[in-house]
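Below are two complexes that have chain A in common, paired first with chain B and then with chain C.
Let's look at the complex of A and B:
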């Protein structure tokens, strides 16, 4: 039982990481906390719900194509928002930047409720992932394992892009000193837009991947964003590996905690966060906030 | 608190310049509307006043301390539940429990605040959000004690049996006193240190202010007044629900401050009034109220970042120029 919950926890941790890494990347370059990141996740889940029956219901490739297409659509929305709204408030009061993304949360939530109603929908799971993996006399559900593996591939791809490509160099340079990057003749606006697109893509991907494993409704946005914030605080904003560690810790603690303290698993996570904060006042591994 | 303390406190409040030529007619107008209007209008006015106080308590943190609390509803909820639970589980007479609500909120503010002020800027906002969500989760899930998602109802006669008009008058008195106290705090030496830390933490520390301590004091004060608002709200409906501590109320408060005007004391009050009026009348016409609100917020952030207070100040300056 503990092992099964561990698998579930790892899957949740992986999806949390995909969201939190997007938050962290966007924050690193633009210094904006995107409160609407949970909304991007929710949109990814709802779009997958729409696309799965259209493409090839029940098949493995159909599911992943639907998820990728949803994530791409969410990413396009992110680009639209970045270029029309966010770009006009870079460098303004931090409170205004937060409120702008809150406005987006409200807008997306009402649009989702208008489109899909207030009830939960469920997304069809690919047939190939319905079963369980039998090890000894324990049945591990296949779906969370597959999602964890898919997430792992995304993580590896992300590390490759960030550390071994020119785009990654620009991203890291932009995080370190955007003024200097601009001086060197790089179009920094393009970096901002690209990072926002990537972050939104990751959130949409996370939403799509985890959609079949739970209820999808218009309240997902805030539950997810709170968990992602906790992950970022534990891992330290702007720190990719910190986010990975934080996400796995939160995911596993939540899943295992539910078994022993069914009503207080969130409190458990809070206690972990408090302990981390007391041990290091700026987050795990992270330096002081810039 | 000794008599001497009270005296100096009052001296500070009295020293804070209150433009009575504006406040007295405003109070008279509220009273007049209250006595003429229907009972439903009185209830709406009561809610407006309570939310104006809540927004103003948040505004103390945001506009003066530059601390964006993303979980201020926790203290609203703790005020409501502190009062309610004291009556229901503690058997305290409701009149006495009125004091327990705000104190519970202040205590919550002390515990969470001590943790939150270790962080700054965006980390602070995230941690306050997490603290509020924890409060909400506990209220929501601890069925045996807090009644869970159904909340606690029917434990007292709403409004202590006062009429809607009578309770509106009582709330007007309490809210006015609280706002005057907040204004006095803003203008007191403590208020100046809160502003100093908000504007430039390192310079304030170099001048010998303990930044974290000042921020914690501001946090507890804001939590206390949010608790007063929560208690008043709980009495109004004779009930307490976990949603009082939920993200919805937090966002309401933030939106009020932004609509009313950042960096202005009146911003919280204006925001409470405008937001509640909009919420009441727009949601009657259009079902998608959140969508409208989101668009309004976008427009404010892009076009008039100083909110209503900023716009009205600009208008006054323009009119003054014409004259």
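Let's look at the complex of A and C:
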């Protein structure tokens, strides 16, 4: 029992991490809290809903191709938004940034509702991932395990890019001292756009990957952004490892909490969040991403 | 000059008087204060679509008391305070004759309070909390579908007929509806089947979609069936995620399963062991000419099958028209007096009436087994059993007792 709940928790945590990591990356570099991140997630889910039947319905590769294509489309939208709108408000008043990103949330939400309606839609799960791994009397569901694995691959790729490539060096440099990077002749704007593209891609990816497992509707944006913020608060906004730790803590706490304190499992997460806030006003480790 | 101004004022006043007197011959105004955005949007939109068709039909047949019906639609954003504000606006500014449209229980109670204060009739066709009929009842209110308690009773009656089910768990949404449904279901089933054992109920927060931990915890209780007052995203997530845990091999799920849920599940619906409670499943209604005509009209207008919400909102407006015809006026107190005297033949069945004590209609509840059937591209309920409304309605003395306790 505890083992399955632990697995459940880790799986939910991985999806949360994919979303929160994008949020935290964007904040780390651009210092903008992107409220529209949940909307990117939702768009990823809806695009996957559209693409799965077009590519190769029911197959494993068809699903992952559909998800990747959706994430790429969301990323392109993110780039459009960054270059046309966000670029003008870097370093401006926080309230202005809030208004702009929240406006995007409302626009996307209304467009999604006009396009796909108010009812939930259902994304077909690949046949190969439908069932469960049965060990004795215990069922381990295949789909979330596969999503966990896919998420893990993305995490490893992300760590590799950030810590072992030139792009990663520039990204970390941009986080530490934007002015210095610009002085050294690096195209600062390009870094910002690239980070935003990557963040939007991660959100779209998370949305697409988890689409078959839950309900896809136009309210998904705010549902997910709240969880992502909780993760970021626990992990420290702008801190990638913090986001990973925060996401897994939230997932596992919830799952284990349901078993032992069914009435308190949600409260537990907020208690942890409050404790973190009290312990360190900046978050778990504080400061920007390193 | 002064004289001329005076004349203008007098003329304006006269004109205003003439318009207000003329209101008696103007349209009958139906205030549709609906949850068109927010968590209830999908249901409210369906309800509005059903009501629109009813209004067109009433108008084509000559209106109510010879006056056309006009729907005045406002959005409450699924927020109680906004709902109260919108209801107040509709009553004081638009001078509506009747208020309806609401979906969320909380918004419904807020609008009901405004209806009581300003003495304008108010009926619910989607939201169904029994608190509006019992503890918070006010004389200008009625509802045209089974209350949440009646649905839970119907579920208990259905479960009681399965002798092989001996241990029951409950998995509900963690708010008023989830809790009262579990309590009513347990109470009725204990009476019917003293041999059944009940596990501790488990509750998930409203709107939760990561249901895996709750599913695991429920399965650990090893129940023969799980009564699950969940709806929307939480229900959809349970149906999908449960399959990975062998939920539908190990146990049975008894839950709310309206047409919109069946449609959104599509191919993801578990093949077996899902039982649904419904309010007005179009495929299980007696296929009278009225029902088939309505289904065709609805499909032609909106390109989809009518959901339970659409059918009940349609019935609700036709019922109001019947009551107004009986009363001979749309004046509030006359409507309320005529309310219990009307026996209404709706799409769901004939002989629907409102009980004066609590404004509850003897509306039926349907329970059946979800299955894929030839002819529909979504699963429907099969082996549907229809439970008559009257025996499900809470006894009058219990209602009076509950009201006494609430005071």
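Points worth noting:
In the analysis below, the second predicted complex is superposed on the first by the 270 of 290 C-alpha atoms of A that agree within 3 Å, B and C clash if a C-alpha of one lies under 4 Å from a C-alpha of the other, contacts with A are read in each partner's own complex, and residues count from 1 in each chain.
Here is the rule we use: a residue touches a chain if its C-beta (ideal position, glycine included) is under 8 Å from a C-beta of that chain, and two chains touch if they have at least 3 such contacts.
Note that the structure is a prediction, hence the values are computed from the model and not measured.
After superposition onto chain A, partners chain B and chain C are found to clash with each other.
Of the two partner chains placed around the shared chain by superposition, chain B is the only one that A:27 touches, whereas chain C remains out of contact.
Touch criterion met: A:89 reaches chain B, while chain C stays clear of it. When the two structures are aligned on the shared chain, A:165 is found in touch with neither chain B nor chain C. When both complexes are overlaid on chain A, the residue A:266 reaches chain B and chain C alike. Residue contacts after overlaying the shared chain place A:237 against chain B, while chain C stays out of touching range. Of the two partner chains, chain B is the only one that A:105 touches; chain C does not reach it.
Shared contact residues of chain A, touching chain B in one structure and chain C in the other: 263, 266. Of all residues in chain C, those touching chain A in their complex are 38-39, 41-42, 45, 200, 202-203, 205, 207, 209-210, 212-214, 216-217, 220, 232-233, 236-237, 240-241, 243-246, 260, 263-268.
Chain contact summary for the complex, chain B toward chain A: residues 62, 68, 70, 115, 118-123, 125-127, 129-131, 133-134, 137-138, 141-142, 247, 251, 254-255, 258, 262, 288-291, 293-295, 297-298, 301-302, 305. Every residue of chain A that touches chain B in the complex is listed here, in rising order: 27, 33, 85, 88-89, 92-96, 98-100, 102-107, 109-111, 114, 222, 226, 229-230, 232-233, 237, 263-264, 266-267, 270, 273-274, 277-278, 281-283, 289.
Per the touch definition, chain A reaches chain C in the complex via residues 1, 4-5, 8-9, 11-12, 113, 117-122, 124-125, 130-132, 134, 139-144, 212-215, 217-219, 223, 254-255, 258-259, 262-263, 265-266.
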